[in-house]
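Next up: some structures, all given as structure tokens.
Both complexes shown next keep chain A, but they swap its partner, so chain B is in the first and chain C is in the second.
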Partner chain A sequence: MNRKTPWLIGAVIAVALTLTGCGSGSGPESGAQGAPAGTAASGSHDPEATIEIGSLYEPQNLDNTAGGGQGVTEAFNGNVYEGLFRLTDEGKVENLLAESQEVSPDGLTYTFKLRQGVTFHSGAPLTSADVKYSIEKVTADDSQSARKSSFDVIKSIETPDDATVVVKLSDKSISFVYNLSYVWIINHAAKDLATSEDGTGPYKLGAWKRGSTLSLDRFDGYWGTKPANKGVVFHYFTEATALNNALLTNAVDIVTSEQSPDALAQFQGNDDYKITNGKSTTKLLLAFNDRVKPFNDRLVRKAVSSAIDDKKLLDSIWAGYGTLIGSMVPPSDPWYEDLTSVNPYDVNLAKQQLAQAGYPDGFSFTLDTPSYDPHPTAATFIKSELAKVGINVTINVITADEWYTKVYKNRDFTATLQEHVNDRDVVWYGNPDFYWGYDNPDVAKWVKDAERSDTVEQQTELLKKVNRQIADDAASDWLYLYPQIVVAASNLSGYPVNGLNSQFYAYGIKKS
Partner chain B sequence: MTAYLLRRTAFLLVSLVLAGALLFLLLRLLPGDPANSLLSVGATPEQIAAARRQIGSDQPLLAQFTSWAGDMASLDLGESFVGKVPVGPEIAARLVVTVPLTLLSFLLAVLLAVPVGYVAARRADRWYGTLLGGLSQLGIAVPAFWIGMLLITVFALNLRLFPAGGFPRDDWADPADALTSLALPVATIALVMSASLIRYVRSATLDVLDSDYLRTFRALGSSFPRAMWRHGLRNAAVPVVSILGIELATTFLGAVVVESVFALPGLGSMLVKGIEEHDYPVIQGILVVSTFAVLMIGFAADLVQRLIDPRLRGGSS
Partner chain C sequence: MRRLTLVSGCVLAGAVVAIAVVSFLWLPYPPEDTSGGRLAPPGLPHLLGTDKLGRDLFTQLMIGARIALGVGLGSVALGGLLGVAAGLVAGFATRWLDDTVAVVLDILIAFPTLLLAMLLVAVRDASLGSAILAIGLAMSAVVARLTRVLVKRVLAQDYITAARTSGTSWRRIVTEHVLPNIWPTLVVNLALQLGLAVLAEASLSYLGLGPPPPNASWGRMLQEAQATVLVAPVGAIAPGVLVVALVVGVNLIADGLRDVADPTRRRTR
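After this line comes the complex of A and B, so read on.
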């Protein structure tokens, strides 16, 4: 439940983005065929090995525009389906099924040339009609894709010949190409996509035994580099303990995302396992309602940020894993800067700022706290920290549904806790209508201009300015960045360690 | 007997219809519209209306019930909202795990409980009789998931004798493989179940041991084993069989917890997921199937009881 909810919120927030027509992203960067970042290079490996992968996220169905969820992204993205572009495990965008693209000088027309000799698993060749079909599947009325609204700028999609796709936009959008990395290219003639597939990826679907396993088999007709293994089997668990037991008994080789910090001790200091601490994009926020007293005062927000020892909180929840962040931007975003010193942990500074803001004796407020981990723990910690500077916190525990209605829709809150999962999501601070109500016309303009940038450098520079400004204003208190922990058997290498946006490229995994 | 069978069957059918109607109503009483599961966040009113039309939640309750009952009568359990696949075959696939799990656990529990319960009663005055009785009391207090975790720690993580969870991808293609996967879950359920069964067997046996007819039969010169076999066993079996029926039904439903501990793709884990996803056809389908199973078990238990006990047959034949 606690992983499903942030996903939902991610979707919610992605929808909200388009209210201002803002998105963000970077243009493609040239790069070699992207091999996932492995932890170690292996000497000899068995190319006929099957990799057993343990995960907590079983797909709901196999169609990512029909509510397939986080699980289908993990299993299929880049493995079974490919996009015109790929977001690598390091967060770079590179060409995949698009061989080249050209942008018109006004930035409104994109012409993509498709890679030749690509076939779907059914044997049909990849053509421009498939690309048009696939993009329109995401933007369709009944599409449940969280990315749907990022494509509101699309005016038309034309297919002058089999190898060319021309997309016209209504406004400049530098993240258009980045957004395309989420569009799976599907054979336009494919049927029953909820239970079967027809993609171009290095694996084809073997069998899906609901509630248990999903297997992917190497696709012999693949256009690119062959996978380093014969196939992979995703084993699905509903309980973190059962998943860890499977790893301990060699029933699975690797766990895509460890969610139970307590269990890590079993693998630490054990030569049979490797623990990697990758980059995550999930941030835990103490989000103030910047519209209402006392948090409409930037000094109060800064004081609260400085009064909480984020490091101690992170240590108590994740025991040494995870990262401290000084603003909304995680290190994997191109416009990251270390801003942890802007609002340092300093109780005396906090007291000063409170006095300056006219609250020398503190104040009281209610913290709306989602009922699932880690929010209640964090709330209790914050309550005790703020008590030291005279602020009295009342913890109000609410369900995910209540959060959505009370906080997100009705903005009926003073402060709340929430995890925000997506990458490149600093742009939300450019939307004054967003639930946290941060309203700075400069920031809104920078965010808008960033999306309309001509170059990535320009976009990066503008979003860095946004980043510094929101940190200086303590628009929210960014408590910490979650860890992204992968635990694997030591004979495994070449697996993705960052798992950005839940994807898990399996084709580079080697077993020796 | 025929008349009884007819009466009992009619009763079974009425129970099924009533249970079905109750299930249908209870699910409709839950807050929220099942159409929500078809929608993305921020759906327009038109999209909501379309989704409601698609799954029929815009119809009056009675119309919904008639159409649902019609589908049930033709054994059509509908299509999952979330998974977009028919529910019936999916349940059948899960029963491949849950039915053997239930039956094997039941069998093992009976094999454990009958001798232990008998000894606990026969030797109630000895220290081990008391100990067995006491242990069974303790067993009732221990939750199944705890026993499951204990067995995993000992037999899977430390001794590496059995897998810690999961079920073969090819189901029963290799029966030895499948049985190995079920060993610990079966032991878990059987241990928990036998604890309460032992108590019933023990008290039923104590009643028989105290009975006048047994003493009379012994006084007529019959040996104790013969007396027990001819008269004691049958009499003791009557209450135990009716309890067995209830216990079997409980095991079937209790598999939910154990399946989750052992990551088994059975009916229980399907139900939990269906509830999490507000997938009404899945929840309804599972509840209908399990209700049917429970009623059938009760039916069978009643029949067996009448076969054992001629006194019950007397009136109607």
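After this line comes the complex of A and C, so read on.
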């Protein structure tokens, strides 16, 4: 049995390379064509199969501008809702609901032509008014979208006719099209978006049984290629072992992201399962509240960063999987640089910095720790590491809801642990109003200038500067980058293997 | 046979108590020492191996014994005190008040301990105190119902009627006649409750509602070892064995005590 493992992994890598190579394919089918082991299986796949997906991330609600969390992105992005553009599993931006776009020479006017014949699940046709409504929903005052500030540059949205949207910007924005891939196009007449939906995607919402399952049914009026399956059901688990057991007992067909390396032992060397090790953009952060004492002092933050042995933490939790990052930028972002040496693990350096900052005997603080894995384990480790430099940590375990209210909204915290799932999210350090409160005018300016760039090279150069500066200031402590491990039953193919932004396109999944 | 029950109970529970006492004086490794390496196998220098973070499992178990016994004894003290007091009041009360108390107690007993604990944790924070309070409160209902019945039985005796007609005060009746007659049964019951309290603490910690990390509680050790049970089974087995040893030990002691305390049982066996 064991002898087959290298072959399987080899096949998966080969296919992953193929996927990257043909990533420019068009239509929703593109992800499925070069699917792992799909060459044999896809010919005989069952188009009426329902795919059972196991996940640890149940949505808080179904509205991604009202704090739906990563769960709703996973279930809905690209499946139920579509944007003008799509970010593929390989990280490329391609046209989706926008058929074409034109940019004026000064870079301030974007004209989008909408795809014709697109209808919402309610039957209403897609018009430019829906696009305007959807963008304004993200930029509204009460919007809780983490991407809200990216759209501050929008001056006006005009809809000269039903198929045309003209967006005027107050300033150049090189990532405007990329940012639009995050904006779900929602029917402007839709109501109760926290519990229902009206999108244009290949699936419509079936039933959401809170705390248990969320089902998506194939939408027969879909404008594009029909999904390769009849529907998908997301099964939500709060505990990784229960999730893995569900996969072992065939209660689910696939686990969207494995959170424990030790559980992989039961799938390795077993022909019934396939394991893929893809790219992730999920970072585990020890986020300081940079506004309040003692973490308003850069030296204290640097000292804490240097006092924690990230390598040991990563090995403890992931047993060799995962990557160390010295900053917010994951290797899949264009402006990645290896900055792990900026705040090296060095207990003596940490002690010196603490003494310089006026805390020769350390201090005490409370670490708000989300109750789910891996946060409590990481908190325990951090407490033990910081004890060595005299810092006393009190671990306060809170639920995801509490985290959102207490930390993200009310900023009532000193330090917290949190996973940040998005790619290209280093720009949040340019926003002094973000929950961690990092306020460096230079960084804010560079982030702004990077947006104004004429070329990607210019943008990349500036964001590299941002990256180096936040690392130098230890704006947060970036503990490590998660691996993206997907385990699936071997009769499944065409599923996404990379965890970019925690999205999970389900329409290409084939079951044989 | 009777002796054997009591002795083996004392050995099992005594071993856990000894571990807890020793943990205050000596530990193999400092509790926060993570130098052991990830999931080291049992052997030397780590007798039972290490957990994911490289902490010595035996050290964690020893500290867990403190918490198990602390919560167990703490909640028995709280539950015993509240329960006996409420039971005495109900036993002496007028019929109307007595009936009310009986109904309230029945409702409380039907209320699951874990649910009560979750409510308490939602109001307070998850901590050692919350765990003791929740388990103690749930236990007090059981103890109160037992006390009430025992008190009533004693009060129906002729010597109580005699004492009352001779003008003995209520306080003296309680201290000289009632309590001495009911305490053997109560002690046996409290010993049984101690075992249940230890189990309840382990369940609470397993659910993340017990004392917060890094306090090493057996319940949370089990929970943490769950993900690694295939590669490092000792991490799950060891705390499990200790929970069983303590609970079985305490129950055997309760059994043994009952035989000693109850003369009728002594004769019939």
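We adopt the following convention: the second predicted complex is superposed on the first by the 283 of 512 C-alpha atoms of A that agree within 3 Å, B and C clash if a C-alpha of one lies under 4 Å from a C-alpha of the other, contacts with A are read in each partner's own complex, and residues count from 1 in each chain.
To be clear about the criterion, contacts are C-beta pairs under 8 Å (C-beta built on N, C-alpha and C of every residue); 3 or more make two chains touch, one makes a residue touch a chain.
As the structure is a prediction and not an experimental result, all values here were calculated from the model.
K.L.:
When the two structures are overlaid on chain A, which partner does A:Asp141 contact: first (chain B), second (chain C), both, or neither?
P.N.:
The first partner, chain B, only.
K.L.:
Applying the document's definition of touch, where does A:Ser371 land relative to chain B and chain C: first, second, both, or neither?
P.N.:
The second partner, chain C, only.
K.L.:
Is A:Lys132 touching anything from chain B or chain C once the two structures are fitted on A? First, second, both or neither.
P.N.:
neither
K.L.:
State whether A:Lys464 touches chain B only (first), chain C only (second), both chains, or neither.
P.N.:
A:Lys464 sits against neither chain B nor chain C.
K.L.:
Please tell me which partner, chain B or chain C, touches more residues of chain A.
P.N.:
Here the partner covering more residues of chain A is B.
K.L.:
Have a look at where A:Ala240 lands relative to chain B and chain C in the superposition and call it first, second, both or neither.
P.N.:
So A:Ala240 only meets chain C here.
K.L.:
Would you sort A:Ala263 into first (chain B), second (chain C), both or neither based on which partner it touches?
P.N.:
A:Ala263 contacts chain C only, not chain B.
K.L.:
First (chain B), second (chain C), both or neither: which does A:Lys302 touch?
P.N.:
So A:Lys302 meets neither chain B nor chain C here.
K.L.:
From the superposed pair, tell me which chain A residues show up as contacts to chain B and also as contacts to chain C.
P.N.:
239, 241.
K.L.:
Quick check on the complex: what are the chain A residues that touch chain B?
P.N.:
1, 4, 8, 11-12, 15-16, 58, 60-61, 63, 66-67, 141-146, 148, 194-195, 207, 209-213, 215, 233, 235-239, 241-243, 245-246, 248-249, 251
K.L.:
Enumerate the contact residues on chain C facing chain A in the complex.
P.N.:
The contact residues of chain C facing chain A are 32-34, 38-39, 52-55, 125-126, 208, 212-214, 224, 226-232.
K.L.:
For chain B, which residues count as touching chain A in their complex?
P.N.:
37-42, 47, 50, 82-85, 90, 93-94, 149, 152, 156-157, 160, 163-167, 169, 260-263, 265-266, 269-270, 272-273, 276-277
K.L.:
Using the touch definition from the top, list the residues of chain A that touch chain C in their complex.
P.N.:
239-241, 260, 262-263, 265-266, 312, 315-317, 319, 371, 373, 376-377, 379-381, 383-385, 387, 395-397
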